[in-house]
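The first chain written gets the first letter, and so on, giving A, B, C and D; residue counts start at 1 in each chain.
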Amino acid sequence: MTISEAIPTPVRLSAVAAPGQPEPTPALEHLYRGFEQEMLVPLWTQIGDLMPAQPNSKAAAHLWRWENLVKLAAEAGRIVPVGRGGERRAIALANPALGGRPFATPTLWAAIQYLMPGEDAPEHRHTQHAFRFVVEGEGVWTIVNGDSVRMSRGDFLPQGGWNWHAHRNAASEPMAWIDGLDIPFSYYTESQFFEHGRDRLDAQETGTPEYSRSERLWAHPGLLPLAQTQAQHTTPLLAYRWVDTDRALNEQLALEREGYPATLSPGHAAVRYANPTNGRDVLSTIRCEMHRVGSGARTLAKKEVGSSVFQVFDGQGTVTVGDKQWAVRRGDMFVVPSWQAFSAQCDAGQASLDLFRFSDTPIYEAVHTYRSQVDAQA
Amino acid sequence: MTISEAIPTPVRLSAVAAPGQPEPTPALEHLYRGFEQEMLVPLWTQIGDLMPAQPNSKAAAHLWRWENLVKLAAEAGRIVPVGRGGERRAIALANPALGGRPFATPTLWAAIQYLMPGEDAPEHRHTQHAFRFVVEGEGVWTIVNGDSVRMSRGDFLPQGGWNWHAHRNAASEPMAWIDGLDIPFSYYTESQFFEHGRDRLDAQETGTPEYSRSERLWAHPGLLPLAQTQAQHTTPLLAYRWVDTDRALNEQLALEREGYPATLSPGHAAVRYANPTNGRDVLSTIRCEMHRVGSGARTLAKKEVGSSVFQVFDGQGTVTVGDKQWAVRRGDMFVVPSWQAFSAQCDAGQASLDLFRFSDTPIYEAVHTYRSQVDAQA
Amino acid sequence: MTISEAIPTPVRLSAVAAPGQPEPTPALEHLYRGFEQEMLVPLWTQIGDLMPAQPNSKAAAHLWRWENLVKLAAEAGRIVPVGRGGERRAIALANPALGGRPFATPTLWAAIQYLMPGEDAPEHRHTQHAFRFVVEGEGVWTIVNGDSVRMSRGDFLPQGGWNWHAHRNAASEPMAWIDGLDIPFSYYTESQFFEHGRDRLDAQETGTPEYSRSERLWAHPGLLPLAQTQAQHTTPLLAYRWVDTDRALNEQLALEREGYPATLSPGHAAVRYANPTNGRDVLSTIRCEMHRVGSGARTLAKKEVGSSVFQVFDGQGTVTVGDKQWAVRRGDMFVVPSWQAFSAQCDAGQASLDLFRFSDTPIYEAVHTYRSQVDAQA
Amino acid sequence: MTISEAIPTPVRLSAVAAPGQPEPTPALEHLYRGFEQEMLVPLWTQIGDLMPAQPNSKAAAHLWRWENLVKLAAEAGRIVPVGRGGERRAIALANPALGGRPFATPTLWAAIQYLMPGEDAPEHRHTQHAFRFVVEGEGVWTIVNGDSVRMSRGDFLPQGGWNWHAHRNAASEPMAWIDGLDIPFSYYTESQFFEHGRDRLDAQETGTPEYSRSERLWAHPGLLPLAQTQAQHTTPLLAYRWVDTDRALNEQLALEREGYPATLSPGHAAVRYANPTNGRDVLSTIRCEMHRVGSGARTLAKKEVGSSVFQVFDGQGTVTVGDKQWAVRRGDMFVVPSWQAFSAQCDAGQASLDLFRFSDTPIYEAVHTYRSQVDAQA
């Protein structure tokens, strides 16, 4: 059963007595029956939903606990095989207000993926942009166009659309990580292509190198190889290592302490993962960031057009999304719907609260509809 | 009642015996109940729908006859008032496969709007991009930021998001035209803002000038005013007149006859409405074009990522969308879903078949996911 | 004899007693002799010239009278043949402060070109960007890539680098016009390529059409042919006709009178000739504009990085460049060096003072070094 | 005495009997005297020089030996003070074919700068773009907008126009390094602004930190601070350290050995120093690169529009520029004029030949006149 079959098709219009609506009369009923027959819907019955004063997201702010995600993923690891057809043992967050669909937000897919020792997820490619982020564990290599990329705690691994990729667990323990993709956006805009690759990788691709060829070519600060110097729409750098991210965040907080501008607000350091060939987002539909909120600090409350998914990378604290608030800890994931105010506070006893975030911001920037608003702090 | 309330919220998963699916067992049923409770959906039950080999549009190719549209719009003109709240007497095409929603395609809104003699549609603004196109009639002026713009047959009138606008019928006859907007795209991506403007226009804004101030400043070929020379995301030119469009199309066909490259394929001339400040699309989410298919000619069959809405401006012919085919005439509107092949043929006895088209192509180009494929002609 | 042979090659340094200079001593003289021998020059003897507080142009403001230009061009028409080798009967303005070189400004070439009845200037192409502007006369067609383009009073005819071009006088009278090129810029930066084309044009290229194919394809306001919709670095539109330019300027002044913003300053209308495919300059190194100063009006005095050449197209008035001032009339040409203030005033009895201008502004904008400053008006 | 005063101003034209020139006659002489009087120069006497078939550089390929540069700089260190007025103890390469001017090439300035122990070079700023490169020595900090940046062997330190900067030798030995600027380009295009800063730095700015604040904020591979995420025309990263450059070059050669594409040609690794905010050049007029030619390897011979300056960073080898060839070693500097073929070969006994290069390529790319040609290798 596909989702589309579940959608009812006829137009149904009711003449109702309501402010802004025409008076219900037999003539109006006759008109509405005519509309239904011709597959027409008047603006005046829909304008409140379609053209609100500001975004009024269909999605709900929601939290998923990491311990529950891991428990169910491990259970799936025991009973659901990985292979051609299902392709991946990926289990997606389904926003409670989005109709049971596997969409974390209207545009973003977020899933926990799980691979047992010795397992391979078969090679394929798709136009949807993707990334992996590792909150814990190690032992899996993702093989992108034949380049084996190690996945370790804190690493961010983007993978632009239409690149061949497979995953291999080369270790003796299961491993879980999260995937982010623009599946819902591609689904609504109907722009997806997909192809199966080879069922088995070549022997040379099954190595477990410390660093991928991609990193050896591209992970040097401010240095681009002359042999491949053209700007590329998606990043050619396939791994952003935690050691670099951690240092960048620490330096921002240190500079702030020394009196120099470096942070978003007091105690709130953040980096954006960037495509080194053009400085833009790693993926043309998904922005990825790592935030560090220092001990006891609180971020400014900010509303943005578009939606985000967060995962707590480290530390403990409290996050506020619209009118909801949760105490969060390592691995917990939550979504921020469009134009709902978000802020985070690090618990006083913690070194910091580290939050990985991905959002659909590049889409709005590309079509010039991005807006944001920082609320005055209470 | 809003659309969102109609969407069911629980996750429902069924363990079924099917290729690519794990074998239904009590353990799998237990796992699926766990997923449902935690608001999770596995990829393996959804991949066929979410990641097809190529776009498999939820939308249907569909045709609306102009005579039916006008008849119902005139009926609405008699019984539905225009004013604050409902804002516009606009009646939208509802794609039969999109669940009764007023969406012509997954991203595009197309409506017939109707104004009685002496009526005003009140001023407002919204972030959704919009345009008007006039297939017949005259007598209405659209007032954009206080600039009165005449609307006559064949004119194309774009109006970028967040500009104040109202409409006024200054003539003694009703008038109908079509509106195109990115309402569905804004709705899914949840980026809409809306404000009411003044309830009454100033006296000086109710003039009925032959040409708007916008045209007097911007409608000179290849000439930009030095006083406002910055590139703008949406076009500052508020009217593209039929006389210019008609001449441009005729010249392409004449050049083709003289042996020079000018057309898309033999007998198929086409222009894109462009923003003179940057040569890009008039609106950052909507591409608008006028096509002329010469007598007896047929366009190449083309598949494109993204969807289109067409209106027949003049002539008669046959259009083919995927596996559907219709004989069309002035005013008829139809939609082309993503990746369905489209071609058009002008009847032999006709001077030409003129087709106005709008599409969501700029969105895909902006995020680098546009693809197209021209089929070899039979 | 080439210009380069005239340049002396040895380094010559003098130890002088002057503020900011080291004290002349035998040791300093010894050091300077060492510098000379090794082809070295110290910054401290040159810094005042090389790094001034603001641009201090080597070029001079200068005026050339049209009647003198035409008289000498006509004399050349009688005694200097046009043909392969010399290529063009073009006579360049030589800025009095630029060493006798045929450079109107450090970056711009400006010449009067003259063609006798029945004469052809042979086909060639070069990477230097060029344009023609016609202050008076008619009868010549410029043939660009085989497309014959009529040249009439007020017409502006850009021609991007590396296009084949020839000129033909198809009339019974001589004709003069001006050429603008980036020859000095290409000369200093040493980026020029040149090729001879065919010695004789094909019969079909020697027509005298009212409108070129280029115009028929591209000269429709806001409309771009779908068959060639890629942005191009230089404009594909080969003629910008006076009727359009004149109307655009008149509308700006009319809008100003009606109380709307449209002019640069009171009574000062201006348009920029633009590439319709991207809204940018017609040529990537040369900006071209037409200015109209209304009766009795005066422009703001403005300093800009980079240099300009003006030709008076119509009317009479007074122009001020730095500390020079001239009464000017039709055809007169003058240069404005970098960072010298320019203003123009139309004589009270004149309908308007129309000034054609070309400048090297796109170069500075491309490398982000453009600056300007408008002086408060006295 | 400034350079401009040395340039003769009158136009001088000679009627000569030569191919492509009009026959010398009294009438021609009369015409030429008329041209001279009106400050006019005909194209036909200049076209060979101005419009050659391909760039024919006025500049000469030339080599400066590092030992001579250092010897003279040290001599200057003893007798020429550094301070306000002269501003810097910088000694520029004067191309032997560019008239004794301190121009290494028509567009580029290259100088050795020398600072004695305890000396300061005073603060100023200018619109000219600049960088430092350190071939040997240490102990100097350059202070850019108050941020102290260490300068050590192999470090590349760009500094975009209009940033305040000073230099301080905090060590007990003199130190030399090279400066590259676009002074000649700014000089010809007359776009320079200059201001003096403070005569003395604040106490806090005279520290000698291992890493500048700029590096702490920007030198993390693929990571950009969210607090300053706007693209900038010139790089905000003020030091590119040798350890990173060396590793990037080694990895390219290692990947080549492993069979993967990474180098420009066999044995020829190279990186471009890039602006992390946009992936473009560090400076909008100057491209900077480091090349490593492996033991015994030889680069392809390449012609490019525009000019370059090289400094040998390490190793020994042979470089060929047009028809000249030199054996080179550490510190030697040489220039490659426009469109002269360049290649380099590493001596067989050497680990590698490392060449630092800077060029004016971004200028040509910005105005779309860049061309290159790789010659088939002998």
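Simple rule for what comes next: a contact is a pair of C-beta atoms (placed from the backbone, for glycine too) under 8 Å apart; a residue touches a chain by one contact, two chains touch by 3 or more.
The structure displayed is predicted, hence computed values, not measured ones.
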(request) Kindly list the shared contact partners of chain A and chain D, in label order. (result) none
(request) Figure out the least number of contact steps between chain A and chain C, where 1 means they touch directly. (result) 2
(message) Relative to chain C, which chain's C-alpha centre is the most remote?
(response) A
(message) Please identify which of A-B, C-D or B-C repeats the interface of A-D; the criterion is that more than half of the contact pairs agree.
(response) B-C
(message) Suppose each chain is reduced to the average of its Cα coordinates; what separation in Å results between chain B and chain C?
(response) 44
(request) List the centre-to-centre spacing of chain C and chain D in whole Å, with centres computed as mean CA coordinates. (result) 30
(message) From the mean C-alpha coordinate of chain B to that of chain D, what's the distance rounded to whole Å?
(response) 53
(request) Would you give the residues of chain B that are in contact with at least 2 other chains, written as numbers and ranges? (result) none
(request) Draw the chains as points, connect those that touch, then say whether the picture is a line, ring, star, complete or other. (result) ring
(request) Spell out the part of chain A that touches chain B in their complex, as residue ranges. (result) 1-4, 7-12, 14, 19-22, 25, 27-28, 30-31, 34-35, 38-44, 46-59, 62, 64, 68-69, 72, 75-76, 78-81, 84-102, 106-107, 111, 126-128, 161, 183, 185-195, 233-234, 284-285, 305-307, 337-339, 360, 362-364, 366-371
(message) Per the contact definition, I'd like the list of chain B residues that touch chain C in the complex.
(response) 213, 216-229, 231, 235, 237, 240, 244-245, 247-248, 251-252, 254-255, 258, 260-264, 270-279, 282, 289, 291
